[in-house]
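The two complexes that follow have chain A in common; it is paired with chain B in the first and with chain C in the second.
Coming up: the complex of A and B.
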């Protein structure tokens, strides 16, 4: 399986690569901030898609890994002066480890029970962090301004964070493609279609689901560290927003679950839409309701999402739109 | 210690009855159609606001208002079922979870625009009742009695009326029920309506003693999940017992550790029960 020969592998990567490069060349603060938010969403949605899209398991707690990983990374960054790379790897590592433990236990549950368990995990994690003293309890942690010195001050540090996020997003997209086209990924797709049949055919379902869960948890942990590094502080209500888990779900559904390009398209479209709704005078106070309506219409009438719909409609494009 | 424990426990148990009613709605819907209704919380909040509006604008006694709230809840449930759930009833769980969550977003969005997120409350004190060392706020006592009355009503409905029996038949085996001439689409709609009705009623009861905003339903929805899992998903009577258990825990925990640890224990217990006994402590129906 040679990924580099396939246009479907290169398309999402090239888009993000050129986009990030353009932002780095323009060197404009507003462009960077917009791109940071969008790339963060692309990363979160794509990593969620590895679990949701490929195995068909709904996780309402994706943001737990963003929050806990971010907290851990930020803790090492601000309290122990670790470098950004080391601390974000620590954040991602903790998230992945936690997902491994949780997955071994919880992924024995099927379908809806698993979804319920992830809601419980989200709430338990938030409540735990608010009471955990080394993480600053309910007030959270702050970064010492001098920590930015090693990146050449606060301004350049933001650019470092952006470049880092850009590279991580590229890795997430590549991973998403490689997982989908590996033997392991085929096992996941089989689980999505019919778990019992997949197990009969020799797919080790609990193990495969756990590995998918670990992969999908690693990246939010890293992204979380970068996000809180950029913000300069972290607090429980910021780190565990259930609605962000849901928004990533909407992004994945909007773009097309189970496709590589879909979550990216969905993330960018959803953020654009949200930006428009928040600023338009008519929909300003109704943006949540409008987003809900869109989600409902997608779920009821276009369950495959935008990319999935195009793939179904124009089979020739399937090689390009993975 | 004991002097503090007893009132706190009684308080928790009385609240537990109301939690039980909310959870019963969720449990009923799951039991009949294996759909997890994520629009449960906002419906609880709508129940609060309906009671509030009837009380402040029409001067209706909040407890009489509950009857109207129940009727409105039933209608709302039928509408939600027809608009959002019916098309995805046979689709994978992902679809019904997302469809009901979309309804959740719509209600919260419109509710925030109409009522804002500032707190409201119903000023209808009933005084309190002295029982030896215990002082019970009468609003909670009446709420607990109301909860019991609704539970009894649901039980009678499910076991002794034709539509109730049809609901149980559909829950048992939808194909077989259809072959016996039961219009399953209507029965599913009715069950969903009853589920939202219970949510709205519990919201109305809660509104008589706690201040609330449009977002207040969220915590009760989460508690309902915990309770359903404790009592066994799809087992409405188990939900009432689960509610009492959770209410009792909420009363007990603060006497041993800081109040802020309550959610940690609750959700820890929730995940633990899911892992060890996913059918619930009392077993599914």
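Coming up: the complex of A and C.
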């Protein structure tokens, strides 16, 4: 596997790298906030794509890994004064562990049944956290302002969170490419196309699906920790928003499921559109309806998404647009 | 013996699909499996390669009991299968399809070795020019060859072929039979379900006959074609038998 020689590996990485670098150099708060939201979406959509795009399993409740992982990381950060790295690893680790346990049970289900089960998991996690005292129950957790001091104050702490998110997004994109272009990834693609035929060819589908689920859950847990660290608090209604799950699905489908670049393109496009809708007087309360409509249109007319469509139309670009 | 099937019984609810089916397949042989529609041939394949567990009986592959193992474990022990209803991985290229067989079959190749092996196997089945095409775009004959290529890329000891000749025209059948003979020359044993009588009579060393889930006859192609029970239960009319014998 010689990923570093392939343009398809470098293209998404270079875009995110240069973008983050530019934000760090400009050092403007608004640019950072915009980039934070976008990179978060890129990271979440790309993580979801490792399950949705490569194995073909639709997880409607994927935001549970963002929420529960974020809660866990924030708990260690705010209550036990762990470092940002250690607590986000704890958040990612918890999400990955949960995905491993859930996956062994739920990934036996196929199609719509799996999708429904994942919604149930998100709702169960929300109910659990709302009643779990160490996590502050329904009111959630707050960070003590003094905790920001080790990062040089609240302002610099936001820059630290941004830099961290930037690096994680780069790692997610690299992971996505490496998974897709590995032997393991070939097995996942075979499962996506025909799970029974894949098993007859020797693909250990139950294990492979679970590993894909674990990988796709790990990064949202880390990203959640950073997000709540940036916000300074976490509460159940913020952490387990089902509409964020749906929006990540729209991003993946819009850009192109099963491609490395697609979820990034979809995340940026969707967020741009969402920003426009939220500020326009006509659509401001309808943006989720528009998201639903987009999803419907993509599934009906361009199921491969933007990047997938270009790849199908112009095979020569395949090496660049992975 | 590369494969020993002992007293396999399989039921689906009230339907007795297989009743105490037993047979042996010596190494390097081609064994034909024939029988009317609904006789249980494909079900027998599904039991052998682990898609369905049987209610009773054992499947012994190269001396190991593989009864009830999941299909991927069976595949990794060197038993590959080409399906009756072709199942290409549509959105992957022809080459990637074959690489799945190579990567997850008996020899568990790395991606780069699988790429090379896929090239060789595609040349062997005559699909080399199609390597970069999406598998969903192949025609039926090509998809049948792709099924075969995927199975071969696993470097199996035993190959289960489920009606690989069905739907092919006469010249494609002749070419496919040549390919099957060449596979046997490499030392791979073959168990094949086939409805194209002339072909299966021609290519098989031995033939077994299933009817309503029961094994009603076994022997050389001539013996089976002359077996009164087979004529009665399967072939139906004596004229057909005469035709088969004349070939």
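Convention: the second predicted complex is superposed on the first by the 322 of 322 C-alpha atoms of A that agree within 3 Å, B and C clash if a C-alpha of one lies under 4 Å from a C-alpha of the other, contacts with A are read in each partner's own complex, and residues count from 1 in each chain.
Keep in mind that, in the parts below, contacts are C-beta pairs under 8 Å (C-beta built on N, C-alpha and C of every residue); 3 or more make two chains touch, one makes a residue touch a chain.
Not measured: the values here are computed from a predicted model.
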Using the superposition on chain A described above, determine whether A:285 touches chain B (first), chain C (second), both, or neither.
-> first
Once the structures are superposed on A, label A:246 by its partner contacts, choosing first (chain B), second (chain C), both or neither.
-> first
Once the structures are superposed on A, label A:13 by its partner contacts, choosing first (chain B), second (chain C), both or neither.
-> neither
Should A:111 be classified as contacting the first partner (chain B), the second (chain C), both, or neither?
-> first
Tell me which partner A:183 touches in the superposition: chain B (first), chain C (second), both or neither.
-> second
Scan A:201 for contacts with chain B and chain C and give back first, second, both or neither.
-> second
Tell me which partner A:24 touches in the superposition: chain B (first), chain C (second), both or neither.
-> neither
Given the superposition on chain A, which partner contacts more residues in chain A: chain B or chain C?
-> B
Shared chain A surface residues [contacts with chain B and with chain C] = none
Using the touch definition up top, name the residues of chain A that touch chain B in the complex.
-> 52, 56, 58, 105-106, 108-109, 111-113, 115-117, 119-121, 123-124, 126-128, 130-131, 138, 246, 249, 253, 257, 285-293, 295-296, 299-300, 303
Touching chain A in the complex, chain C uses residues 49, 51, 70-72, 75-76, 80-81, 83, 87, 89-92, 96, 99-101, 103-106, 110-111, 114, 150, 154
Write out the stretch or stretches of chain A touching chain C in their complex.
-> 1, 181-183, 186-187, 189-190, 192-194, 196-205, 258
State the interface residues of chain B toward chain A in the complex, per the touch definition above.
-> 30, 34, 36, 83-84, 87-88, 91-95, 97-99, 101-106, 108-110, 112-113, 222, 225-226, 229, 258, 260-261, 263-264, 267-268, 270-271, 274-275, 278
